[in-house]
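Pasting the structures here.
Next, two complexes with chain A in common: one pairs it with chain B, the other with chain C.
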Partner chain A sequence: MAELAQGRISNIQLVLLLTGFLLGTSILILPGGDIHPDTWLAFLLGCGQGLILAFIYLALARRFPGQTFVKIAEAVWGRYIGKIVSLAFLWYVFHAGALTTTNFLDFIKVSILPSTPAMLLVLMLVGVCAAAVWSGLEVITRCSEVLVPLTILFTLFLALMLIPDFKAANLQPVLQTPLPELLKTSVRVATFPFGETVIFLMILPFLNKQNKSLSSVVIAFALTVFILITGMLRTLGVLGNVAPLYVYPLYQATRSIDLGHTLTRLEILTSINFLTMGFIKASVQLFAFVVGLSQFLGLKSDRTLVVPAWLLMSLLGLYNLPGVAETIAFTHTVYPFYALPFEVFIPLATLVVAWLRKLPREGQQP
Partner chain B sequence: MRRLLRTTLALTLVLTVSVFSSIGCWDKKELDKLAIVAGFGVDQVQTAEGDRLLLTAQIIKADQVISPEQAGGSGKQSFLTDQSYGRTVFEGVRNFTFESSRRLFFPHNRVLIIGESLARSGLHPIIDFFIRDPEPRPKQYVLVAKGKAADILSVKTGLEEIPALAIYELLQDYGATSKVYPVTLQDLTKDLASKTKTAVLPMIELVSTSKKKTIMLDGTAVFKSDRMVGELNINETRGLLWVLGKVHSGIIVFKLPPYRHDISMEILEANRQIRPELRNGKPHVTVVIDVEMIIGEITLTKNLTVPRENEKLERMASQGIKKEIRAALAKARQFNTDFFGFGEAFHSRRPKAWKTFGPNWDQIFPQLPVEIKVSTVIRRVGEATKFPILQ
Partner chain C sequence: MVIVITVFVGMLVCLQLPSLLKLGSRRDLLTYLILMGLAYILMVLRTVGVHLPYVTSAIVRVFKAVLGRFI
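And then the complex of A and B:
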């Protein structure tokens, strides 16, 4: 079983993998909608709410060590309801992967390669992820070991290069957003990206030491929120009141870097950040889907599913949303509600039922 | 041996694929297929079909930009100005392909010049293209032409091969006088989006003498919303720069009573603070300016390098600066345009009070009391203590 998951991942690797996963699309599309001077606070609140969710996932994973969510659902909910629950979960994983692909595609089509056919782009982008999944979880993890530190480095470098354009007055006035508005934004941030950690219920079983996972998750969340706030502050400091005008404010802000006419056009670093982090996110999602589906169907080999999953995810990514306007609307207004059952209700209900039924029973430990 | 063969085969495959894919496919841009735009002008004109935008592109002729040794004899122009018409900017840009064999390429555009009549009728219809399209850069300068932008872009300039780059350099070096305010596309976008701060743009004009035509920066165009409503002359422009904190250097010339000789002081460093305050619940702004100066040139034979005279000079310089600021302020009040950004200062630093009077800023601004405090310090006197020719 799970030939893709051969080779175990250490806790440090989990930190980097989870950070890369969380930064995935949020390093380009700042979560929470339009930026204003209080967005950083919403990020912190959202990260806190995300941590609460992460506790649920970790509690679930600890109760059933070495088991993916598909197996857990079957054990907790019984054969038939369990199948329905895990099917719903797998749909969420698959659809989230397709959304990542859509974000990829939108950005490249808008800003880099406007006339290259979308089909080709999407097949190649997800193709790289499929190749990584084919090689197994360890390869994805090792990629994140290289790419995440690079992203942190680029983020700090870009923030440094933007100092000449930075105006602190743009960050004022602070604490003027009404509380309900702030909470709304923070909930958006909690569901995207932090709540998406639920997908790691398919990764956590392959961890070396289960009992250290909590600290890894906390560190990864802290790292992510740090990168997000850095990006948000420098974007707002540079763009000010026009930040909400752009589809990709983070990218737009880096376009204004111009140091002595030599260090310029550095927005490509933002693109690289997005492409690498998005690659990790989409790979993790594709991996979770492939492993989950093969366990769901009880297949002997899960590698056979990689190619079909690649093609299906590409197609859904290509056609699920008609355009950038719909993608933005979906990300900011629909997604928080859409993700709620998968990120909160299903894991929470599973945990509660497992607790009520006193699962897993002694002696039934796999 | 087999492993070696396999590795070789795999490598060959990978390299072949990357050779074919790295040249790019659909979005390739070859240098010899592009018309690199250095300067771009937009005017409003009347044609037989009605109002149209006249677009003027100054295109670099890459094969004519040659090394200085060769430049002497050739006498060929290294740029080309091309024109096209359109109802919108984008349509006009595509209409260039009717006569230009190459596609216009905007990422290297340095200046965007807008004709005065278009500026007076509003920027909103034309500015969106330059923000929305991924090619134009946010750091290009935007100017208003006195007269038509098309005329400005067709003039050959002195030292630079490409006139648009010459304009760019002129704006870059504004600090020598601090009497020109360079505005980038990004700044303009922010000002247009701001609820209270209004936009300003530097102006450029064509000067014709009997022998030749040249271009010259002159003054600043003042906007209310997106429409140009007036102008600042160069001294008022420096008044604006003092308040915006953009003064780098420059010369202040004044007479020191009771003498009738001119004294030039050079600005070394200037710092400014805008303090939005509430006095009796009413908004009040204090502008504090600290200037460090150096004596640049004196034309009288008295020794001024003594503390008492120095103080007098400092006072005179401060008065000169205040006069410039007051002149700019008078214009701002006259047009009711808050180009200093006082409204934004209140918004960011007095947010609670701003909520009460912010919506009526248009009525408040013309009566807003502004206190100007200037303190000048003369630290150096140049390399001479007195007028060098002894009496």
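And then the complex of A and C:
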């Protein structure tokens, strides 16, 4: 049992942790890359595709209860191929964590602290995540218990505050997007953020009731898609056709709130939402990487790797892409192809091979 | 700035080293020192202005070369 995963997480904690993870960066950078009146439909379709992927991950986790993906891969693929598969998976987790860090950094550099040195910012941001990971999975889940309901509350509050600026005409014409375009956007939504649930193959073993995990995942997906659609609709209703021109349209939309010159500058709530959900996401990714790598290397204590992983993830966050535009373009264009092997092929192939080899065998510890 | 980074990384190592020695696992100690060394070198290189290639930009180039039609 991993040292950092002392204590078990309940199903309601899984709902909140997964919701926080999925909202992570997508609460600011809308998934799919397009904002038009039919984007909500793409979100729903993407969520459906993401659920199919989640079924694969859950089936794998239930077949090997109490085992992380690193152990599962070794049991299914054998010692050497299993190590290669695990290494590829760990690279994906590490890189996804670094991308979250880059998104954090870009947002703060562009919107809040443009003159602060990037290395200082990134070390402090990921340092908070590292502190949470050092304290263990239970602390991360307890943080999500506080932060995710607050985020939902803030999102609904901001949607209410934007009603005076909301123009229903901006949401038209409906169902005019060609089907191939809609499907393309939905696949992007399925890979980011829903497919990233694959990282939970490192968390699911620490769930206290595995048999109820499916309902938790469905609720978390529904909550996420509800928050995303609310955010998308209010942004489009306020900004209209110019929404896609902004780097952070959700943030931009909330800047226009001005109720009697008293309630203004409420974009800070969007910033808080992004930073708190980004913290949950980066913490989960850092936790998964640390636990996975220590199992891969056969270390005695998984706490050994928390500090080095913090520094290296921060550094890769700095060396990911040269600017905000490149990061967002990567998320919407290359990432769906890049993530496909890790989110679909590897888990699916592992499940199929486990099924064909009838693993785990009776009385055999996987 | 290099001195600040050296002190920072040195402090981190000094804080964790006793617990690693107490753990008595040579593999843990070696992994920790190698990864910290790598992080230190990368931090110093960035500070002194050595330009390292962007990792994800390289991935983008590879994917665009292979799947250019679809991206």
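Everything below uses one rule, namely that the second predicted complex is superposed on the first by the 363 of 366 C-alpha atoms of A that agree within 3 Å, B and C clash if a C-alpha of one lies under 4 Å from a C-alpha of the other, contacts with A are read in each partner's own complex, and residues count from 1 in each chain.
Everything that follows uses one rule, which is that contacts are C-beta pairs under 8 Å (C-beta built on N, C-alpha and C of every residue); 3 or more make two chains touch, one makes a residue touch a chain.
Keep in mind that what you see is a predicted model, and the values were worked out from it rather than measured.
A.B. asks: Consider chain A as the common anchor and indicate whether chain B and chain C clash or fit when overlaid.
C.D. replies: Pair status: fit.
A.B. asks: After lining up the shared chain so the two structures overlap, which partner does A:241 touch, if you call chain B first and chain C second: first, second, both or neither?
C.D. replies: It touches chain B, and chain C stays clear.
A.B. asks: Touching A:291, do we find chain B (first), chain C (second), both, or neither?
C.D. replies: A:291: touches no partner chain.
A.B. asks: In the overlay, answer first, second, both or neither for which of chain B and chain C A:338 touches.
C.D. replies: Only chain C is touched by A:338; chain B is not.
A.B. asks: Which angle, to the nearest 10 degrees, do you get at the Cα centre of chain A between the Cα centres of chain B and chain C?
C.D. replies: That angle rounds to 110 degrees.
A.B. asks: Regarding the shared-chain residue A:172, is it in contact with chain B (first), chain C (second), both, or neither?
C.D. replies: first
A.B. asks: Considering only the touch criterion stated at the top, classify A:60 as touching first (chain B), second (chain C), both, or neither.
C.D. replies: In the superposition, A:60 touches no partner, neither chain B nor chain C.
A.B. asks: What's your read, chain B or chain C touching more residues of chain A?
C.D. replies: Touched residues of chain A are more numerous for C.
A.B. asks: Could you look at A:252 and tell me whether it touches chain B, chain C, both or neither (first, second, both, neither)?
C.D. replies: first
A.B. asks: Quick one: is A:110 in contact with chain B, with chain C, with both, or with neither? Answer first, second, both or neither.
C.D. replies: First partner only.
A.B. asks: Minimum CA distance, chain B versus chain C, superposed model, integer angstrom?
C.D. replies: 16
A.B. asks: So chain A touches chain B in one structure and chain C in the other; where do those two contact lists coincide?
C.D. replies: Common interface on chain A, chain B vs chain C: nothing in common.
A.B. asks: For the complex, give me every residue of chain B touching chain A.
C.D. replies: For this pair, the touching residues of chain B are 25-27, 131, 134, 137-139, 186, 189-190, 193-194, 344-345, 347-349, 351, 354.
A.B. asks: Taking the touch rule as given, give the residues of chain A at its contact with chain B in the complex, in rising order.
C.D. replies: By the definition above, chain A touches chain B via 110-117, 169-170, 172-173, 176, 239-242, 245, 252, 255-256, 258, 264.
A.B. asks: Which part of chain A faces chain C closely enough to touch in the complex?
C.D. replies: Interface residues on the chain A side: 95, 98-99, 102, 119, 297-301, 304-305, 307-309, 311-312, 315-316, 318-322, 326, 330, 333-334, 337-338.
A.B. asks: If you look only at chain C, which of its residues touch chain A in the complex?
C.D. replies: 9, 12, 16, 20, 23, 25, 27-28, 31-32, 35-36, 38-39, 42-43, 46-47, 52-57, 59-60, 63-64, 67, 70-71
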